[in-house]
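You will see two complexes here that share subunit A, one where it goes with subunit B and one where it goes with subunit C.
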Partner chain A sequence: MYGFEALTFNIHGGYLEAIVRGYRSGLLTAADYNNLCQCETLDDIKMHLSATEYGSYLQNEPSPLHTTTIVEKCTLKLVDEYKHMLAQATEPLSTFLEYITYGHMIDNVVLIVTGTLHERDVQELLEKCHPLGMFDSIATLAVAQNMRELYRLVLVDTPLAPYFSECITSEDLDDMNIEIMRNTLYKAYLEDFYRFCKTLGGATAEIMSDLLAFEADRRAVNITINSIGTELTRDDRRKLYSNFGLLYPYGHEELAVCEDIDQVRAAMEKYPPYQSIFSKLSYGESQMLDKAFYEEEVKRLCLAFEQQFHYGVFFAYMRLREQEIRNLMWISECVAQNQKSRVHDSVVFIF
Partner chain B sequence: MSGQSQRLNVVPTVTMLGVMKARLVGATRGHALLKKKSDALTVQFRQILKKIVSTKESMGDIMKNSSFALTEAKYVAGENIKHIVQENVQSAALKVRSHQENVAGVKLPKFEYFIDGETKNDLTGLARGGQQVQACRTAYVKAIELLVELATLQTSFLTLDEAIKTTNRRVNALENVVKPRLENTITYIKGELDELEREDFFRLKKIQGYKRREVEKQREAAKAYAEEKFVEEISLRRGISVSSAHDMLSQAAQKDEDIIF
Partner chain C sequence: MEYIDRLPAMDLMRSEKMMLVQLIIPVESAHRAVSYLGELGLLQFRDLNDDKSPFQRTFVNQVKRCAEMSRKLRFIKEQIHKAGLTPSPSPAPQPDIDLEELEIQLEEHEHGLIEMNANSEKLQQTYNELLEFKMVLQKAGDFLLSTGSHVATQETELAENIHVNDDYAETSSLLEQVGSNFQEMLPGPSNQTGVRFISGIICKSKVLRFERMLFRTTRGNMLFNQAPTDDQILDPATNELVEKIVFVVFFSGEQARVKILKICEAFGANCYPVAEDTIRRRQITREVLSHLSDLETTLEAGLRHRDKALISIGFHLAKWMNMVRREKAVYDTLNMLNFDVTKKCLVGEGWCPIFAKTKIQEALQRATTDSNSQVGVIFHVMHSVESPPTYFKTNHLTNAYQEIVDAYGVAKYQEANPAVYTIITFPFLFAVMFGDWGHGICLLLGALFLIAREKKLGSQKLGSFMEMLFGGRYVLLLMSLFSIYCGLIYNEFFSVPFHIFGNSAYRCRDTTCSDSRSVGLVKYQDTYPFGVDPSWRGSRSELPFLNSLKMKMSILFGIAQMNLGIILSYFNARYFGNSLDIKYQFVPQMIFLNSLFGYLSLLIIIKWCSGSQADLYHVMIYMFLSPFEDLGENKLFWGQNVLQVILLLLAVIAVPWMLFPKPFILKRLHTERFQGRSYTALGTSDIYDDEEPDSAREPHLEEFNFSEVFVHQMIHSIEFVLGAVSNTASYLRLWALSLAHSELSTVFYEKVLLLAWGYDNLVIRLVGLAVFSFATAFILLMMETLSAFLHALRLHWVEFQNKFYSGDGYKFRPFSFAALNEDED
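After this line comes the complex of A and B, so read on.
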């Protein structure tokens, strides 16, 4: 029931909401980003970061610092914070927190499966997985010889099982292109997450629906644009669109028949929130589209913190952290490759 | 090298002289041809050097661009995009072929790349970042093109360098060792032949001299004999044998046993 969370939320969720708001205030500000953009070398970046909350993680790194190390350590910090929150959570918050990481889990599963198909070493593959998406039986994925066994033996016990069974039969698993499989799984995940949030009700449902709808729409647009000119058929494309969101169902119909960027733009301009995004791009240019989407996402995520007593803050925090890590990666790469002039192209300021 | 201009040890005969002269002619012609070859190779060498310098400069820019394209792709599609792409690879789609080209008599290798088979990575980053991934791929393909070209240029550079060194070594050897040696041998043979001729001439002259003296002696002996004969005849007419008179006198000079004092 919307409006009465204030009475009961703090019993179970109050501690963690406070923790997450504390974490949020540790996110880098525009001033920090400005300082980082002025850096000449990676050591300067390390020095600036040691003044922020990342200090303890980067202190012990030896001096020829590499950009991938910086990103690794920041991700490590995020994982630590996540695990801390997960350990303190009760139902249904713990399920909610786990839902947030299913996306990464899907990526990891797909990575290991492709690697196994091409006969790579399991240990190496495990090292390349995203730490947020690890689960216990992940190493056993490499044991299976084909997709049917894979499903039967391993995936059935993971939380991803329902996504596999809903949309893919075991025959399809063999032939399907990896990317299509990944995107089908992700679509199932988003729909499941959406349903779950709706069952939670209240402010959570409202805020999360909005955020997830944006995610679904953004994916639809990206899939459309990226599949122009490839062998993906229109029906396949339509199958990859989620069944909720602002664009459902009419926008999806229009997007499914688009053959180039200008048609996509024409289809999107009927929806006011997306029209403002597309107006930032000039005709025929689509490179900045991703950055525009990230900016819009960050804006909505920040708005989630304006309300209290809902779980959306956790989701927003994780996403904002990921964006911050992306920013840091971009800045370090620009500094390391001596392309300081391009630094401001893609940094999205959070505050 | 002891004795820069030694000569070959040969029997100094006329045939040898002919042989040596033929060899000298051959060496001279070979020297001229090799010098031309060396010049042609050096021209090629300079051209390749110029091309290498310009290619290396543009390579710096292109590698920078392609690394940056990779960064953009990582930004949009997530840090894992590198692993995702790598794990999805079966075999290389871009391969390099080599074949030989003949430049001024030197076999230079030439590399070219070709696309073998379809890449099935067209749908990478479907949900986000697909465009950046494709842009990254084109940037790296360009970088590979340039690298293959640079590889060709550098191997040709090294091969040409070797070839030029060898040819120059041969030219110098011909010029400074073989030809002087041959010339010295020819001079020596000529000298020996001249000397033999001189000896012969001298011998001939000497024998002629002897012969002449013999003839003169004979003539004198004959003349003396003729004179004696004439004198003998005259004296015989007078009743005295000059020769016996001579004989008596000469005998008298000898001790006669019969004569006591």
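After this line comes the complex of A and C, so read on.
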């Protein structure tokens, strides 16, 4: 429904929307990426980045640099910006902003649990966690032995608690059911976020449901591809798909029975928006699928900025920055490992 | 006309003559040459490597090295700041060192500092641990001392726990748990060794969550005791004092122990073993205390050592930072230069004022000899079609006015500079609006204060507001002087008239003065010699009199200033040899403005001189509506009717005069110039492009677009014609603001100060005085100054400058070390 958002949006959201649009104009452009791709060493990258908004975050780093430092500092900038926005936000924008981090929270939980399963040091794991997905008692995750304990001890305090209702079992944790847990959690999270955006109504609901539907569909495809050849049954697979999105419900039926990548492709090509993604790939290939999806996502996220008076820009900005950091990481890795020929493989230009 | 040429050149009127020079510098002396030029600060380099990204340039490694060094310097500065020291340059002269040496020294210093920090951090860590241990020993000891009663308390505690759990026991699984717990725990209290404890210390902020987590994991099967510590502990990471809390957890069972330890680890709680019997505990406490005092002395010694090192570095810090900054600037500049074909020389291009030529050559010569180079620097002047940068040599006083003009737009190269006139007209127009010599004196005192402390204030960092005031101190000075002058003319001192120049020219008709308000006064002597007669104040005709005076005055000032603007456009056209602009723009503009509003000014002056009572509105309006009608009683001088008709005709002719001829003549000139040459011209420009790919010296032939030129001219003419009316009206703001200012100050004086003075009560008088002075300071001196300033600014930017000023130049930004330091500070 289109209300009269233009009339009242700026009372609470105007300042932050201006802020986020300002942040967006600081994103690296294609020219920046072209220059970055020509760099010979990590110091060159630092030098180039020092002319961008990352400058102040990198200027005090001693050479020689590491890829991790660059990524860490760039993430720090994102986190600083996020915290600034969250501190300024009022309801319901603050809830919306918090929703954005739940995805990282799920990833962090999975990371720590998997890490403890393989007996890694907790501190080391904590350092690897995405700072946006941190919560107070995250370190205590290591204590838990099974899902039930995980829930009862730690997660009951976190916003993730309601998402857990689907996956409380007393089975011991192993890689397989951690992965299932991640997907179940993600499903619940996306559905919840989707519902929340719907309650916000207006342009936010329209734009966010589009973006989230894409996210859900992408996850559905990824789950399908990753579960081909594993012992996951069709019904279990079907359960991991989110209950909304373009593919819901008929596409899900088809994906659930897919046995190889070409069947996935056949299923997906029935949907015009995804046809273009798959038409870029040759048959039997799934390597480039990620990049194709990322490109499509970036395109959709950029479009979110075309409209005013909605919260989708915050989501879009956070996602675009994350994509940018992924790009920087890839470029830095390629430069550091002298693999410059592969530098364009995974970089998604944003503008 | 020759007379104008023979006038001495005005420095500020035209920007300095510039020239494009090319430097061919041998590589060995390049660095020295550029740094000498930086000291001189009179050459603006052009970036010849615009297409290259920063890391593809020649001296990228040196730039990186400098960046690295400045990073180290920043690190050291931060360390000094953290240690609470202030870096001060040492009084003793410092030896000069070169960059390589500095780099090595910085490396050493940084290394040393990091090592010292690491050591002291390690020590601090151990110290903290011991301190925490001590605290745990003390506090946990207290808990354990009551061991006798402890068992009993735990028993009751457990019972409570079970009770609590019963409340929650709705789900069967929980019930089961409680039952099993109860089974497990039953032997607990009876068996003393079954109950064990872990003691430790944790941040105060985490203690609640910690306790809850413990409760959950052990299913309430534990006893948590806590006590706040007496003093805070220094967190080595953030250098802040943190409050911590000592806890003792009693529990039973091995599994619980493992879990609790894990939780402790996850929460960053440090666990320390505490012996159960008192004697051993005392012994350990003693040991810890002795260790602590040892460590304390070591830590202090380490700190002293570090501080000493930092202080010794602090002596040089400012100098080193300056040096690195300069060095980086030199390499950044060198990166703008090109290598010539032989790779032995660097080629640079740049703008410099002509007067600086010898100085630059001298500096280059010096660089050659100092670096023992075989080949000198080749310095030659190039021709350029590109417009040179604009450079005005300003001093303290003129700088602020130049800034006012530059804020609108930087003058085109060699264009007439309005700043010359702004220096006087700006403060004057301000003062017309701000005329009150009491307020003027206040402003003057402020300006004098700023100027007297110029040296001191100039060297320190000011807030943005003070910075602005300080920057405009000379503007403020002149503004206040003119305000005093205008205030004397208006005869207002905080709105009170003074009899400075003798007695009023008017007096009452008789001794009772009863009819002074109704019939008026009589003039009995000559007109008041200077300014407004004080008797006008408070009279019934005060406002009509002052309004008429100020309104006419505003129009006179406006017409004068606009005429000055148009005359400046003549000087511009003359200077650039553009006779077209003189004939078809300057002349008709002059005629148009003066035939209408110049005539009005004339009428005003005649009216003032003759004391006629003619209605000028009527004259002006009927000059258009019915030019041939007789003026009647509004006639001011003989032949006015005829003159009016002629002026009207002239004004009507002037409009098409400035609109049509210029574009047509331009078109004719263009076709004449390129008749039959258009094909060859295209060909040659292509060849030029091939020959000089880096910078095509030949201008690309502009296509002449008649409609565009015509539309442009039309806009320009319409703007002028309409502008003549609206700009004249715009000058009436002088009257409006002056009126507002004087009325406002009258209100404050009469309704606040005089009203309060009417009471015979000290408190009311004081309150009245306070309100009056606050209103004067904040409303009249600050807000009114600001508004009058802004209106004066507008009159200059719009009404004055749009007559002649194009303002599309760019500023001369020479490569200079002095400017560099300003930027950084």
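Operating definition for what follows: the second predicted complex is superposed on the first by the 321 of 351 C-alpha atoms of A that agree within 3 Å, B and C clash if a C-alpha of one lies under 4 Å from a C-alpha of the other, contacts with A are read in each partner's own complex, and residues count from 1 in each chain.
By definition in this document, contacts are C-beta pairs under 8 Å (C-beta built on N, C-alpha and C of every residue); 3 or more make two chains touch, one makes a residue touch a chain.
Quick caveat, the model's predicted, so the values are computed rather than measured.
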Now for A:Arg152: first (subunit B), second (subunit C), both, or neither, which partner does it touch?
second
So, does A:Lys77 touch the first partner subunit B, the second partner subunit C, both, or neither?
neither
Touched partner set for A:Ala139, first subunit B, second subunit C, both or neither
second
Where does A:Arg265 make contact in the superposed view: on subunit B (first), on subunit C (second), on both, or on neither?
neither
Partner chain(s) touched by A:Val122 [first = subunit B, second = subunit C, both, neither]:
second
Of the two partners subunit B and subunit C, indicate the one touching more residues belonging to subunit A.
B
Under the stated touch criterion, which partner chain does A:Tyr186 make contact with: subunit B (first), subunit C (second), both, or neither?
first
Applying the document's definition of touch, where does A:Asn177 land relative to subunit B and subunit C: first, second, both, or neither?
first
Residue overlap on subunit A between the subunit B contact set and the subunit C contact set?
none
Write out the stretch or stretches of subunit A touching subunit C in their complex.
35, 38-40, 43-44, 47-48, 50-51, 59-63, 122, 136-137, 139-143, 152-154, 157
Applying the document's contact rule, which stretches of subunit B touch subunit A when the two form their complex?
64, 67-68, 71-72, 74-76, 78-80, 83-84, 87-90, 120, 122-132, 135
Within their complex, state which residues of subunit C touch subunit A.
53-56, 60, 63-64, 67-68, 71, 74-75, 209, 213, 216-217, 259, 262-263, 265-268
Touching residues on subunit A, where the partner in the complex is subunit B
71, 75, 107, 110-111, 114-115, 118, 120, 125, 128, 130, 177-180, 182-183, 186, 218-219, 222-223, 225-227, 230-232, 240, 286-287, 290-291, 326, 329-330, 333-334, 337-339, 342, 346
